[in-house]
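In the two complexes below, chain A is the common chain; its partner is chain B in one and chain C in the other.
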Partner chain A sequence: MADSDLLLDIRDLRIDGKAGDDWLPIVKGVNLTLKKGEVLGLIGESGAGKSTIGLAAMGFARDGCRISGGTIDFDGVDLRKSSQDNLRRLRGKRIAYVAQSAAASFNPAHKLMEQYVEAPVRHGVMGRSEAERDAVELYRKMQLPNPEEIGFRFPHQVSGGQLQRAMTAMAMSCRPDLIIFDEPTTALDVTTQIEVLAAIRDIVEQFGTSAIYITHDLAVVAQMADRIKILLRGEEVEEADTRTMLADPQEDYTKSLWAVRSFKRSAQDAPKSEPVVSVRNVSASYGPVQVLDDVSFDIHARRTVAVVGESGSGKSTAARVITGLLPPTHGEVLFDGTPLPADYRKRTRDQLRHAQMIYQMADTALNPKLTIRKLIGRPAQMYLGLRGRKLNERIRELLHLIEMEPDEFIDRLPSELSGGQKQRIGIARALAAEPRFIICDEVTSALDQIVAEGILKLLDRLQGELNLAYMFITHDLATVKAIADDVVVMQKGRVVEQGPKEEMFRPPHHPYTDLLLSSVPEMDPDWLTNLLEERKSKDHPTSADA
Partner chain B sequence: MTLVLRMIAQRLALGLLTLFVVSLLIFGATELLPGDFAEAVLGQAATPETVAAIRRELGLDQPLVLRYVDWLWGAVQFDFGSSLAQRNRAVSDLIATRLGNTLFLALYAAAMAVPLALTLGILAALWRNSLFDRVANSSALSAISFPEFFVAYILIYILAQGGWFPSMARLPAGADLGEKLYRAFLPALTLTLVVTAHMMRMTRAAIINLLASPYIEMARLKGMRPSRVIVHHALPNAIAPIVNVIAINLAYLITGVVVVEVVFVYPGLGQLMVDSVSRRDIPVVQAVALIFAAAYVLLNLTADVISTLSNPRLMHRK
Partner chain C sequence: MGMIFTLLWIAVALTVAMALALGFRKLATAATRGETSRALRDAPLTAAFGMMVIVIYLIVAILAPLIAPFPEREIVGTQFQPWTAEHWLGTDALGRDLFSRMVYGTRNTVGIAFATTALAFLIGSVLGLLAATVGGWLDQGMSRLVDVLMAIPSLIFALLLLTIFGTSIMTLILVIAVIDSTRVFRLARAVSEGVVVMDYIEAARLRGERLPYLITREILPNVTAPLVAEFGLRFCFVFLSISALSFLGLGIQPPTADWGSMVRENATLITFGDITPLLPAGAIALLTVAVNFVVDWQLYRASGLKE
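This part shows the complex of A and B:
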């Protein structure tokens, strides 16, 4: 008999995923226990099987997956042996789910309230009007603005951070015993993330709900979980309570996870030469909406300028202006001191060649029908006129540069590569044009930390070898710390602060920079608590969800 | 709501423009037909003098542009001139009853086909890959694969030979609704069989397409029944593609049913069109073609309005 305060007891869980005609194991015999009122953090890279395990705790397997072995005991009921009807009675009522992207997980056709009351009414927990009153109460507890009214909006009328809180409120609607949080803050800006984390933690504590908190962000899980379990390729690496795990990880893999945030490039000398790219008083707009307002900054050879800010701050728009995709309404972009034509169609081939881009989603940025040879070869052919044997040699050289074995990879398709490898191909494609300046648009944010680390190191090495100037667009301040020389902080289309990294990370800051910096989760499990108290006493300006 | 009204006004204006272009095309195309009414009506007896005399009498000797402007001026006042074949009858008279018949048959078929297609499509999506799904799919496909006249003859063989329904669908003047429904049942059923497959398969595909969405997974994880997941969560988001396919099929029911009309001797617009072409009764051809074009324009407009109404992103701005 399990002890009485045990809520969830998963033994030797095995899950297979369909690959072509075969079933391959995704989860290979994981044990997991959860006591009432406890929060367990599940950590791992993508492909570690953490979401799959989270869903299995609801007796659910996605299409193309099947639970092939083990027992899932929820409060004395084996979910693997339960009928679909019985499972349905548990889901939403006693076990609830909070998805990664609330924007995608709310039905666009129905108002928030409609979706909130669905579970309590359909499961017979309470009547509709009672559920609506309860929703307003929970919206208020989740500190949503206008709790009385927000339920009567459609999902697209509500911001991402608010949706994520509304989804947590929805999960709470039947006061479940267990909530699965599947990366609930991954899609949010750091400043918004804090508010959501705080709201989730409060409400889970208040109702004594058990939770499984799935994430790849160690610092986040440190704030949320009582215990942490680390997964690697469907197997458990180790498990311990949060403080022990942070202070004294046992396994090498865990230590390597902990070490990821330690990469820091060596300090560079101050720039001597003229800037390669110079953005001068640029304003730009989409239709009537102004998105850039008098933005100026310089980028020098061998240096990396990190442009940081929340989504909507104008970071990517600045890149579009530099590449000529969006002609500015005012101001200009200089290359080596010469103004570039505003429209890319009016630029010479050489001007185009020297400004290359690497994109966030390597998945969509590489043509899936072309082999690596074609993908990298095309810019080399187009910009440099390489043909035949010379082209072939150049492709092989580029693959060596990005540390991929030419013989193995040259004739593969993008679909045959991992996420990190695809991003390396994206880098090689940019290098193929032999540019002097590369824009990196959130190049590591879709990658796991260890893989991201490898990409950052590669970019750093290439910069030294090839004299490159980088503009690094990111919302992740850990990346900025790792790779930037200069930092440009943007908010609502304006540059609020800029300067060398050392100065930027040293107080005093502009209040917005301060807000950004202080919002980056730290590994200290007391960080969130301390921060919230500090902010309460200081009554900080907050820009999120404006 | 103002958004929708503005859209309707815009689309109507565009529709009028379309009709204008269509009228040009129709006029041009009828000019390209070999021979004209004078030659067709005189047949063997045509001598250059008699042909010229008839042409002069009917105004066919006027220059093309003049005739077009004259015709267009009449058309905007719903006066399509008089038929060449039946000289004392106005084209609008000739068309009025036929148009009524055609609309009656189209509505009759749609009233059976649309609910049937939606129900089958939703059930097929709900029980996808089941026996029901496969049977519904393959029977719908076979119905659409046979030529219409073949389906019609099969139905006549089964239902008319047995004496249940008349195989001649001619509507007597002054028949009451029940009588009309009874007489037009076989052509309506034939058309239902022909158009259901397309709409049903689109309904099924549009719903299944959405089933991988995170919000569908969310509905399942909230413990909702499969039927509710499909009807309440998937269907509202699938309305736009479904409505568009329905509109295309309704347009087909109005404009493309000549074969069925012929088989069942049903006095609709399609038959009138074909007869008039062979008689070179150009005013009638032009008027009918314009009506067909207007049907397409109006049905597509309706489909777009419904699609817009079904999309909260368009109806409720931020």
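This part shows the complex of A and C:
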């Protein structure tokens, strides 16, 4: 340990992944240093190797991966040469890990406290009762509600945002020197995200912990990191101080990342025609629980209506009512002025054809056993009666439309495509029916930003070419800014505000709209600090979660 | 010394089996074309061996009258003759040619077991898929009925039904098929339920697809792997059920040749150090192993466990 300031020193790290019988490089010689008390942001699109590097910092490689070269020096110990026993002593005690999905990472069969005390007791840092007292203390620091009592709940009894904070508290249990955060807020909606970010930042500062913060969200990393390193396909693009990096990126790739959020479609003319779809005073419930309460909005041809709200606000339920999956208790849905039967089974083939849907998770929305040809071909065959050569022509045309090469993709299975390509197939399937109206349910939220932007541009272009009306369900206000014409803000099953986008983004707002808007992270490194101070001074109501 | 010889024999048998399997795979690859040929070329040796055994059994079953030197039910010599050039495996307690009865037994035992398993699968998987896809009252009704049927021990239930309906081959097939289909129903329903909740099924429903398309095109391809695995296992169980029923006198009736009852009829010979009665049992064992080799391979392919 020549330089006592240095905690982690990774040199020329190389990691291979298994593909069939070969080993292909995933990480190609990356250097990474981390000083004590410093937070390093790792940024890149999916497949850049950022999670793999994060795990390697613990001396760990996933199944099907191997560390093939370089040194990983943690506080004077080379993790690559350490025995499994030594590594086990370090992990959890001096190096901790916070995973992307806390809901999937907690063991659902044990209470939070059971899982919290495991590491400190096992590592002999403290006794059980001491650990429990400490947990309550940390839960309080993480601003969890009822810190005394929350540890005795099961993971499913706690909301997503709280769970993520409980996991961060758990990582802190042994007061580690280094924490690796792997996209800890990606699965949360904006209002919850802020609370988790603020809590994480506080606790890292208080204990002087070093951290590696992995994310694909630039605005988030700007709030958290002292330094930013950008990765592309397993190689470093550039690294700099957060402020320098934001103000003056050097490489083209970095600049393109910075530019992603700049996509904004051209303004559309005000609607002249009758609305394609109009939702009239709809109320709906799941059993005794009412999830929609007197919801009304219109969607016009060539226009995009964005329905925004946090999870549980009823925006996806609205889509289920329109498609006929959930018959409403009151109200009706009009298509071209005529009411649609409430149940999809009673709708005519044409009525079904004109309202198509694109799903959030392309993985579960495409049958894994059908080829692209069948996936796209079926609606065209069914609704338009295309057969043989004509059908083949149409499939190729659709693939061209979504910018995929027919010869290369037509006979592939969904598992042989990337996430963005799968989503494009989802779009093509909706287009194959030649609909007039498409519901896009969080279509970009599972994709990273560059890919998501491509999808948004594609949808925008198709709307112009094919005269489509879109209903865009999302919790990401950046997406709304990019693509919407009209905005409907929902909270607890009610529409709290609606109108054209320009009006919605101009104050004054409904307090909830304001909360949503102000929660969208900005690329300014001081944004979170300022926002928190502002909210504190105004004593702003935070979301129901807190 | 004896130990070493046994080991040597086992080694020789394994080598011969491997060589045969290799040869069979070459032959099969050459005889087929395109996708099938490629799949066969990549098949493991165990699967090739299994397929070879199944093909041989099939040929024997189909060409039984041509292969067997004597008729199935005729008394052609004295009782309990040893292996001779005329009667390859000797004769049984009534003086019927054992080799001929083995050959005909292939047709009866394998044919009946296969027909039963296939029928059980047809009933079980169709109803199971239907229950999972339609849901609601239909699902409740069918599932509870199956629960009731499964609550009765299967052998006793089979005995009961066979006593009521009489012991012809047709009733035997139907009774065992119905009883075994309850197990298949359970599996098919459970696996399909995991598929029915996927978004692509919702998309297909919203597209206005009808039930037959939904079941055969969207759901079935996603549940074949576990069903195929179950088929191999179920086939062996059916074999055992038939043998057990034959042993109790309610299965395949004499004078029809059947491997299960052949073991029982000639069991006394074992006391005299004659292994002939074990040959039908060995034939059963070989076939079940072969079927499971092939099923394992298919499962491996279908489940996408390619790495």
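Basically, the second predicted complex is superposed on the first by the 542 of 546 C-alpha atoms of A that agree within 3 Å, B and C clash if a C-alpha of one lies under 4 Å from a C-alpha of the other, contacts with A are read in each partner's own complex, and residues count from 1 in each chain.
Just so we're on the same page, a residue touches a chain if its C-beta (ideal position, glycine included) is under 8 Å from a C-beta of that chain, and two chains touch if they have at least 3 such contacts.
Everything quoted here is computed from the prediction, not taken from an experiment.
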Based on the superposed arrangement, let me know which partner A:N467 touches: chain B (first), chain C (second), both, or neither? neither
Which of chain B and chain C A:N107 touches, first, second, both or neither: first
Output check: A:L325 vs chain B and chain C. Expected answer is one of first, second, both, neither. What do you get? second
Contacts of A:N530 with chain B and chain C, given as first, second, both or neither: neither
Which of the two partners, first being chain B and second being chain C, lies in contact with A:R122: first, second, both, or neither? first
Which holds for A:T244: it touches chain B only (first), chain C only (second), both, or neither? neither
Kindly classify A:Y97 by the partners it touches after superposition: chain B alone (first), chain C alone (second), both, or neither? first
Residue numbers on chain A that touch chain B, as the complex places them: 55, 58, 60, 62-63, 87-93, 96-97, 99, 101, 104-110, 118-119, 122-123, 153-154, 156-157
Residues of chain B touching chain A in their complex? 212-215, 217-225, 228, 233, 236-237, 310, 312-313, 316, 318
Touching residues (chain side chain A, partner chain C) in the complex: 18, 20, 64, 323-325, 344, 347, 349, 352, 357, 359, 361, 364-370, 378-379, 382, 415, 429, 433
Contact residues on chain C for chain A in the complex? 198-200, 202-209, 217-218, 221-222, 304, 307
